[in-house]
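Below are two complexes that have subunit A in common, paired first with subunit B and then with subunit C.
Here is the complex of A and B:
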């Protein structure tokens, strides 16, 4: 188990470093950073001063290692656009994104798992087809459109929920539902197919031959074996929700990390872009690591290899 | 001899295709009854139907299906599950995949007792250790903490047997329990089953295609072909006086030291088990049978040869005498 953990951790660190390198290179490819910081009215001399002041005249490799060295101790630099420390910018917005992501995942799992199990138990019957239809709709529906429809219905017409901002828990209900909808189809399909495979297996026949209750057969014996791919994809989906909720954060005016990423990219605020990308890479690899560990708990065979 | 399991005219079909057509057999208390036949002739589905474990598209029908006087056809799934693993248990052909990979051997064994007897976890684990010892598993205390993937095929099958015995069942159905194991392990498992049967007074319904196994284990034998029991007799009678051409064909396939000459080929039965449609009539074996005649396509009589021996064939007892 420890060896397993150490190997996974090493891979996670390598992934983070790779993402970091790409993020750094891509911001440099986006154009001359000194010009974009200096603004449209700046003279050539101004640009030169800025280039020196921000150390952009140094060799690119030196800049890179300088940034990595600082990032390693938590110093992500200063934002040009927001005139604040990047770490503070992120720290301010992360709770919003985390809350939104977790609400989204919780809703997605609450809907997808039971529906997937019910569909598997009724394979190729009407119920199964209806559930597949729900999955298809979820996949086909653009999230901004669903967001707007929800806002019009529950925010404007019914007045049950606030339509923008982050003041109370009610603010997270609609964005959470919209975010969940993007994750439900994949989770549902995997739960369904995993359960169908598990239910057809020899050990389920054994469980039935032992006279176990239906609940024990489905939830204890089948679901545990069907859970592994679902755990993996749930981690990936949560990663998407945390990193890719830009559209939803914009629609519902939630100023989270996704919104920050979008703003900083459009302003070519490279320290912020790099910081956000690094954070998301870390979250992503961390989530995968957690999923792997969770699966190792679920399946003893993974612990051995 | 009292009947523990009584199956009368069992019919099983899967989505309209019939798999078993009116099979009857009786397993007496404390007796080993072997169900013999080649692949696809309905042995396994017969066992699954008795246990109420047919797949969703499978349908069963019978004039009687009784276990110790209880009509199994009248029981709902809940009542049936109270019998399974408790008074009637089953082990399978695939020891490698029949245990749940996610749970320890001990917890899988313990849950049988906890389900049917409401025993505490500790007491159930003690019982598991006791039974692993009974099926001659070494260091049972260690084994209950292990996962299936840590055990060999032979060990897993012993675990399956021990698990089946957790609640002291009266009937053990064993569906080709040694087919997937290598030969030395096969012999060990068969000896174990024979000993358990004798020591615990179990009734065993043993499904096999191996007549060597039948010779060693069976008190009574039913030969199945194409969804019918074509011959049923005590083991001694069956080997001494096989009546149905199919039974004889099977016996001719077995090499007997001393009887077989080195340059003489072993017997074989040409052809394959036919697909049986809904309105199939007559003998299912007639296309492979050397004695086939026109009336084999009609209704076939069940002929008796003494109280303990009957077979399903047009041939008269004297005409088939070897």
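Here is the complex of A and C:
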């Protein structure tokens, strides 16, 4: 177990270092940063001043190690546009993105778990077909378009929910639904196949032989076992959802990390973009790490490999 | 069982095939110039609404451009993005996956690490940042998506190669003295193609959705090109008064991606039943 843990942790740290390098290279390889920051009207002299001021005249290797050293202690530099520390900008907005992610995940699980179980219980029948059709339809829905349709329907015509902004819990309902759509198909399929496997297993046969009621077999035995992989995939899905929230936060003007990333990309504010890329990568890595641990605790066979 | 699934496969093939043909023959099919604007003829509603004009079947956009013509050219862009992105990412992913699965050991560790690292990078955010830095154009969008979407190809190619490597006919080829490249290209690759075809449909759907999202956010295909995502973005301002401006391109996008997914699902089932039979 300890060996597995150490190996997994080492990979996670290496991944974070790779992303760190990638985030740095991303903004340096694309062109001259000083020219981008200075803007279209800047003269050559202006560009030189900016190059010096931001330390872009130093050797690239020196800049890189400087960035890694600072990032390692949580200093992501100064935002060019917001004139604030990137770490503070992110910390201020992270709660909104996390709330959105958790709302989205809760909605996704509330829809996917029961539907997946119902589909498995009716395997290959009409209900099962309908559920997989729902999954396919959900998968094909462009999130930003769904967001706009919800805005027109629930915001404008019915007037039930606010169209954009961050103020109250109602502001999270529509973005949460849209975000949930991206996770429902995968969670649904996994619940369905896990449940089908569980229903066909020996312990269910034993439970049936013992004369337990159908409801008890389905809920206590099969569903519990089928839910385990779903929970760990849910953690990974949450990571993807936080990354995908950039589109949804922009559509709904929800001022989270995604919206921050969008603003900083359009303002050529590279330290902030780098910071958000790094943060999302670290959160994703942590979530997969937790999911792996969870699986290893549940399934001793995994630890050995 | 097969009846319903085959129905899905055929419907998917029909949707994708039609879109492909429409895209290919866009200049012949478009009733008007998709780029010519006419400010006196702005936001004409489509045929099912009052005030529509017979010469503009799906109405006109905020600049008076014929919506049907733009939609037809948009199909061309979506299919172009879908196909070229899949080719780029398949080359990267399959190469990595086959190498990892075939050689195993340290080489496989590196491939696995590359996949893990790629998965941890937030897709849309990085794509937006790259397009914003390099400048938006069709080529940049295709290259960016192609370089980011290879991981599922790699995962599937790696696992299937591992399975195929241990099969009898590969062992037979080894003992017959075939070269390593012969075994890779003649024995392994042809036998992992069918699961990869399913991945290709998934990735194509994802690429088309991502392009639309990037274009919607203004960092994808640059105007005046009629990408469906861009059409939705341009129509956004008018959507509360004329919702059809976002419904028409959005529905097209939805139907196309749904068709690709149906095709992929149908293929998967076809392969599964083929294997067990």
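Please note the rule applied: the second predicted complex is superposed on the first by the 281 of 305 C-alpha atoms of A that agree within 3 Å, B and C clash if a C-alpha of one lies under 4 Å from a C-alpha of the other, contacts with A are read in each partner's own complex, and residues count from 1 in each chain.
In this text, a contact is a pair of C-beta atoms (placed from the backbone, for glycine too) under 8 Å apart; a residue touches a chain by one contact, two chains touch by 3 or more.
Model, not experiment: these values are computed from the prediction.
**Q** Have a look at where A:160 lands relative to subunit B and subunit C in the superposition and call it first, second, both or neither.
**A** Touch partners of A:160: none, neither subunit B nor subunit C.
**Q** Check whether A:210 is in contact with subunit B, with subunit C, with both or with neither, and answer first, second, both or neither.
**A** first
**Q** By residue count, which of the two partners contacts subunit A more extensively, subunit B or subunit C?
**A** If we count touched residues of subunit A for both partners, the winner is C.
**Q** Please indicate which partner A:201 is in contact with in the superposed arrangement: first for subunit B, second for subunit C, both, or neither.
**A** First partner only, subunit B.
**Q** Please work out whether A:27 is in contact with subunit B alone, subunit C alone, both, or neither, and reply first, second, both or neither.
**A** Only subunit C is touched by A:27; subunit B is not.
**Q** Touch check for A:265: first (subunit B), second (subunit C), both, or neither?
**A** second
**Q** Between subunit B (first) and subunit C (second), which does A:169 come into contact with in this model arrangement: first, second, both, or neither?
**A** neither
**Q** Which partner does A:65 reach: the first (subunit B), the second (subunit C), both, or neither?
**A** After superposition on chain A, A:65 lies in contact with neither partner.
**Q** What part of subunit A is in contact with subunit B in the complex they form?
**A** My answer: residues 201-203, 205-214, 216, 221, 224-225, 298-301, 304.
**Q** Across the complex, what residues on subunit B touch subunit A?
**A** 51, 53, 77, 80-86, 89-90, 92, 94, 97-103, 111-112, 115-116, 147, 149-150, 160, 163
**Q** What residues on subunit A touch subunit C, complex-wise?
**A** 11, 14-16, 18-19, 22, 26-27, 30-31, 36, 124, 129, 132, 136-137, 139-145, 148-149, 151-152, 156, 242-244, 246-247, 250, 258, 261-262, 265-266, 268, 273, 276-277, 280-281, 284-285, 288
**Q** What part of subunit C is in contact with subunit A in the complex they form?
**A** Listed in rising order, the residues of subunit C that touch subunit A are 1, 4, 113, 116-117, 119-126, 128-130, 132-134, 205, 209, 212-213, 216-219, 229, 232, 236, 239-240, 243, 246-247, 250, 253-255, 257-258, 261-262, 265.
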